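Scroll down for the structure; my scribbles are underneath it.
Chain IDs A, B, C and D follow the sequence of writing; residue 1 opens each chain.
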Amino acid sequence: MKINILFFGQLVDITGTDKILVENMNDTDSLVNALHETYPVLTQSKYLISVDKKIIEINTLLADNCTVALLPPFSGG
Amino acid sequence: MKINILFFGQLVDITGTDKILVENMNDTDSLVNALHETYPVLTQSKYLISVDKKIIEINTLLADNCTVALLPPFSGG
Amino acid sequence: MSEKKPKNIFVAGAISPAFIGESIQHHSTKTNIGAHSIFLGQIRADVQNGQTVAAIEYTTYEAMALESMHEIREAIFSKYELTCMHVYHSLGTVAAGEISLFVFTSSIHRKAAIDACEETVERIKLELPVWGKEIFEHEGYQWKENK
Amino acid sequence: MSEKKPKNIFVAGAISPAFIGESIQHHSTKTNIGAHSIFLGQIRADVQNGQTVAAIEYTTYEAMALESMHEIREAIFSKYELTCMHVYHSLGTVAAGEISLFVFTSSIHRKAAIDACEETVERIKLELPVWGKEIFEHEGYQWKENK
């Protein structure tokens, strides 16, 4: 089971990469915990989470090959 | 004593001219009465009156060489 | 913003899209501007009693219109925090599909430009002594009425 | 207005005033249009802690942004009686004084175009996953925040 993780904006400054692949992660809560362990500064960052391009607000089950993105506050326009 | 009268828009269709000169007219009410006699169709027309570029709403005294305009509903833009 | 002689806003015939592009270009040196709002009035080929409007012929009471526009401009500048404002209105014949009104406001943050542009357009339609004669394709005309 | 594949709105670098002029020109054949409303976002040379913004570098989550824009477009078209709507947003570097957002709505009567344009701009700022990195003149950068 593979999950694609995307980072955007200022989060890339923290992670040093815009994309990672993780395995065996059942839901978004576990994923966030794992990411916070790997990148402790993320705990101080404001971001939304999307799963397959839809913003989620509660813990969400992850399917094989899905894409999770961490989205800092938007600043387009 | 001379008063310049200007006509605009559809009123020119009625008067056949965009400008006339009248003499010895003390106030706008007398002027309007005189114009309605000369151009009876004007009585059925909707218009505002300006004296020296200011729209007036009550009978107004006219000074020598002032300009009175008859302004049908605006339709710019 | 006070100036003795009211700025002229009238142009002969249609306002060209290229002119609008150039007006926008002129603002690239004003690097305190964050937002532009533009309104364009375009002539519609309306069908009325089986007749199609081919063009509108605009006339104005120019001296009065420029004074009215000057008052509108002063009021808008004192109400909104604008960087600049430009207004152009056609006189003479403007064909269907062409542009007869161009209102252009700029500000630091978007709200001022957007609100000022809309209010200026409404006031122009209401307060400027300008008349539009709708010329039909085949023959005849009727006087335009603003709604 | 329904289409399977969301329209692309992103362009590389600044949106040129000439392109805006051409977009306006393209509407001259649509003679049912009476009003256009245009919003332009321009990069400000803001001074922050003594540093001047020279440019903004935009990135996006493109697949998600195009889906969001598609939803916004559908919602705006069902709410307002529009003839058409065009949206362009820059990606990559846009210098101070240049244009990074172009929203263009058209309608028969002015109210629809004006209201739709404003609402579209607000929704774009709020809902589109786009990020602006403010590049300072001398060195360094900071991440833009929308207000």
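Keep this in mind: a contact is a pair of C-beta atoms (placed from the backbone, for glycine too) under 8 Å apart; a residue touches a chain by one contact, two chains touch by 3 or more.
This one's a predicted model, so the numbers in the text were calculated from it and none came from an experiment.
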{"item": "Maximum centroid distance from chain D, chain identifier (CA atoms)", "value": "B"}
{"item": "Between chain A and chain C, centroid-to-centroid distance (C-alpha), Å", "value": "49"}
{"item": "Centre-to-centre distance between chain B and chain A (centres being mean Cα positions), rounded to whole Å", "value": "74"}
{"item": "Centre-of-Cα separation between chain C and chain B, whole angstrom", "value": "27"}
{"item": "Shared interface positions of chain A, touching two or more other chains", "value": "none"}
{"item": "Shared interface positions of chain D, touching two or more other chains", "value": "41, 121"}
{"item": "Chain pairs that touch, as defined at the top of this document", "value": "A-D, B-C, C-D"}
{"item": "Touching residues on chain A, where the partner in the complex is chain D", "value": "6, 8-10, 50, 53, 69, 71-77"}
{"item": "For the chain C and chain B complex, residues of the former touching the latter", "value": "41, 58-61, 63-64, 67, 89, 100-101, 121, 124-133, 143-146"}
{"item": "Interface residues, chain D side, partner chain C - complex", "value": "17-22, 24-25, 27-45, 96-99, 106, 108-110, 114, 118, 121, 147"}
